[in-house]
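For reference, the structures are reproduced in the following blocks.
Two complexes, one shared chain (subunit A), two partners (subunit B, subunit C).
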Partner chain A sequence: METGGTHIIKRHRRHGIEAFSKDKLQKSVVAACLSAGAHHGQAELVAKHVADAVEEWLEDRPEVTSSDLRLATAKQLKKYHADAAYLYEQHRMTI
Partner chain B sequence: MDITSSLAAVALIALIHASFQLSVSVLTLLGSHTIGARMSHKKVLSLISSYVFGATTMTLLIVSFASLIFLQAFGSEVPLMAWAIACAVVLGIGIAVWLFYYRKGAGTSLWISRGFARHLTTRSQKTTHPTEAFSLGLTSVIGELVFIVPTVVLSALILIGLPSGWQMIGLVVYTLFSLLGLLIVWALIGSGYSLSSIQKWREANKRFLQFSSGGALIVLGFFVYVTRVIAEAAGAM
Partner chain C sequence: MTTHTFDYDLIVIGSGAGGSVAATIAAREGLRVAIVEESILGGDSSNWGDVPTKALLHTAHLYDETKRGDRFGLRTTSLGYNYPSIRAWKEKVVKQTGVGDNKKFYEDQGITVFMGKAHFLTPHEITVNRRHLSGHRFLIATGSEWIAPNIQGLSDVTYFTPRTILETIRPPKSLAILGGSRYGVEIADLMAIFGTKVYIIEEKSRLLPEFEKEVGDYMSAVLGARKEITVLTGSRTLSVSKEGASHRVLFTRGGAQKHVKVDAIMIATDYRPNVDIGLNNALVKYSEDGIPTDKYLRTNVKHIYAAGDVLGKRQDTHAALIESRVAAHNIIGAATMVPDYVAMPKVVFSSPEVAQVGLTEQEARRTHSHVRRAVTPLHIVARSNVSGQKDGFIKLVADKQGVIIGGVVVGPHATEIIHEISLAVRYRLTAQQLATTPHVFLSWAEAMRVTAQKIIGANS
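This part shows the complex of A and B:
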C-alpha cells in the first residue's frame, strides 16, 4: 500500500527515488521487533502504531531521505520497544 | 621451537584472528534477518550453522593454502628474511588495526569497502537456504583477509616447521581457536539470546576489541622478531 505523496530519496543515487510505502515500513518494524525478541502479536501492534505516527509525520513533507525516515521511525519505535529501536538503528551500521 | 610450543603459539595467534569482527557482524545480521523473517528456530539454527561451517571451511583452506605456498617456497626451513618480512607485515597491520579498524561514529562499521559491506548486508538479508549461508560464511572470511593476513602468515610459517602429522593438528588448532568468537555468538543466537544484547555488547566494547587486537599483533610481531630474527642472527655470528 502506498500512501500520501511523499517520496523517499534513497541513500545511493542509483537506487533513485521511491514512493513511501506504509506496508514496507510496517514490515521492517515487525522484523526489528521480532529480532529483538518481541512476540508476533506485540510486533504487529507496535509496527502499526509506529507506521501511523510516521505517516502523520510525513503528511507535510513531500520528500524525505531514507536516513531521515529511518531516524524518525527509530524515534517512534523507541517509545514502544527500545531494543527493537536499537536494532532498527543499527541495521546499516553493523558491518 | 618444540611441537607443544608451536601448537601453543598457533593457538595464541588464532585467538588474535578470533578477535576480528567481520564474520561476527555478518552472523549477527544473519541471525537478526532470519528471526525477523519469522523463520522457525530450526531453520534459523540451520542457517547460522551453515554460515559457521562456511567460515570454518574458508579459514581451513586459507591457512592450508598459505602453508602449501610457504612449504613449496622454503621447505621446512624458513629463511631469516621471510621471518623478518612477516614481522614487518604483522607490525604494520597491528598499527593499522589500532588506527583504522572501526569507522568513526555509532555502530560497529568496519574499515572495509562500503560496497562490500553493502553486499554482505544485502546477502545476509536475502539468505534463506543453508547453501547461501555457507557461501556467506566463505565470503565473510575473504572479506576479513586484509586483517587476518598476519595471523595466517605467521601460523603457516610455524606450521611448516612441524612434522607432517602435526601440521594437520596445527591446522585444526588454528581453525578452532580462530572461530571461538563466532562459535560463542552462534551458541548465543542458537539458545535464543537477545540479538540486541549481543550487538550492544559489541558496540560498547568495540574500542577495547580494537585496542587488544592491534596491541596483540604488535606484541606478537616484536616477539617473533626477537625470538626468530634477532636470536638466529645473533646465533649465526
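This part shows the complex of A and C:
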C-alpha cells in the first residue's frame, strides 16, 4: 500500500481507515473518464493532473474522510471533464 | 435517555479576532473550551494585519511629518531612517501584544490549545493532527486569505499581498498595487513615504470604492498629488509579465492600453473565506463566498456558530471582535444577542486618515424621503492653523428630523473623531444635540460642531 501521509476515514467508519493512495485515486479517475466517453489517453492525462492537484490539497491535511476526497477529486475533475466529474461525485467511485 | 459526553463544551476553530474573545468569555463562564489554531496564535490581525501595519504606518507618518518640519523652524536636513530597524520595531510591537504564539496566554485562562489544521469529521467531531476531538458546540472563526485575481501572467510572477509585503527586507523601488481599497491605500501611503514609486491600479472610478463617493474622490486627489504616487482609477489590469528584473503591468484605461514597469507587484483585490475545513461532514451549508448564518451567528447546524471574515464580508477587526462576543453570549445562554452593525465604523489609517459610519448619503437617499447633509472642510477650524495641516473634511448625514444617520471624517485623527458620530448614530442623537455639545477649542472635532450647526441651519 502506498503511504501518502494522509489518512482516509472510510464511509461509516466501519470500513476503517486507510492511507491515501495516489495510484488508486488516479485509476478511479481514469475509470470515471472512460465511463464518460473519454479516450484512454485523455483519461490518463486528466487523471494525472487531477491526482497531482488532490495530492497537493492533501499536503497539510493529516486526515480527511472518503467523502472529502471524493468531493475534492470531483472539483478538480470538473475543470477537465464535467461529465466524468458528475459521474465521480454521484456514483461514489471506490477510493 | 441517552446523554452525550463531549470532550469540550465549546471548540473554537481559529484564534484570531473572531475566535479568541469567544473562547475567553466561554472559559470564564466555566465552560470546557478548546481552541484550534493552524498557524500562529492570535490570528491575522495581531500577527500580519492590523497591528504590524499600523506600527509601520505610525513610524512612516512620524518620519513624514518630521521631514516637513522645516516650516515649523525644525532642522531636518540630516533626518533619515533604517528600514531593518523599523521592521524590528514592528516585530517588537507584534510580540508585545502578548498573544502571538503564546500558548500560555490561553492556558492561563483555562483554554486548551491545539495547534494544527482542524477538519470536521461529523457535526460534533473534528480531527486535528489525527487527534479526534468532540464538542458540544463549535465556533468557526477561520478568517480569510488573499487570493490572486484572474489576471494573465500573474501566476508566473512573484507578488506580494498586504500581509507578505510587511516582511519585505526593504521597500521596493517601484510598486504596482492592484486594488485601491483601504488595504491598497494604506500600503501605498506606507511605501511612498519610504521612497517607493507607487502605482495604484483600481478598476472602479475612485479609490476606496467601499466608502462614500466624496471620500474616494478626495483621497484619489490627495494621494495623486503626491509625486511618489500615481493613482490609476478606472483601470483594469490585463496582464503581468516579467521583464528582466522588473515586471510589466499592462492595463486598460480610458479605452487605451497602457503599461507601467515596476520592481514589485502587490495584489489587494480578492480574498477568500477559509471554508475548506470539512464542512460537508458537519452538514454545514457554505459556499466559496463564506458561511451563511442567522442573526444570532448560528449556521444551519444550530450548535455550530461562525464569526469574523469566514462569514464572507471582509470587515475591520472590531466587527469580528463584536461578533465573537455575540457568539459567546449565544453559545453560553439562549441565542438572544445580535451583532449591531449600524454604528460600526470602517477606517483607513492612511494620511490623511479616513473613517466612516452609518449610512452614506446615497444609501440614505434610497431609504429616506428627506435627507439633510452638510460638509465642513477642516482648514476652517483653528487647529488647522496651529498644526499647518489643511487636508480633510467632516460630513454628516441626517434624516428629516435631524437625527444623525451617517457620517464621514477625513483628516488627522479621523479614526478617533468618528466615535462621536458612531455614538450619535447608535443612540439616534440629533444634529441639534451635537451642535449644542461643547467641543474643545483647537480640537479637530470643532469641525463636528460646525457641521452639525450647518445641518440645523439648512432646515431653518
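As a working rule, the second predicted complex is superposed on the first by the 89 of 95 C-alpha atoms of A that agree within 3 Å, B and C clash if a C-alpha of one lies under 4 Å from a C-alpha of the other, contacts with A are read in each partner's own complex, and residues count from 1 in each chain.
What we mean here is this: contacts are C-beta pairs under 8 Å (C-beta built on N, C-alpha and C of every residue); 3 or more make two chains touch, one makes a residue touch a chain.
Small disclaimer: the values here were computed from a predicted structure and weren't measured.
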Partner chain in contact with A:A32 - subunit B first, subunit C second, else both or neither: first
Partner chain(s) touched by A:H40 [first = subunit B, second = subunit C, both, neither]: first
Touching partner for A:D83 - first (subunit B), second (subunit C), both, neither: first
Touch count on subunit A, higher of subunit B and subunit C: B
Overlap of subunit C and subunit B interfaces on subunit A (superposed complexes): none
Parts of subunit A lying in touch with subunit C, wherever the complex brings them together: 7, 9, 60-65, 67-68, 71
Of all residues in subunit A, those that touch subunit B in their complex: 30-32, 34-37, 40, 83-84, 86-87, 89-95
Footprint of subunit A on subunit C - complex, ascending: 116-117, 119, 121, 127, 129-130, 278, 280-281
Residue ranges of subunit B touching subunit A (in the complex, touch as defined): 22, 25-26, 28-29, 31-33, 35-38, 105-110, 112, 117, 120-121, 192, 194-197, 199-200, 203
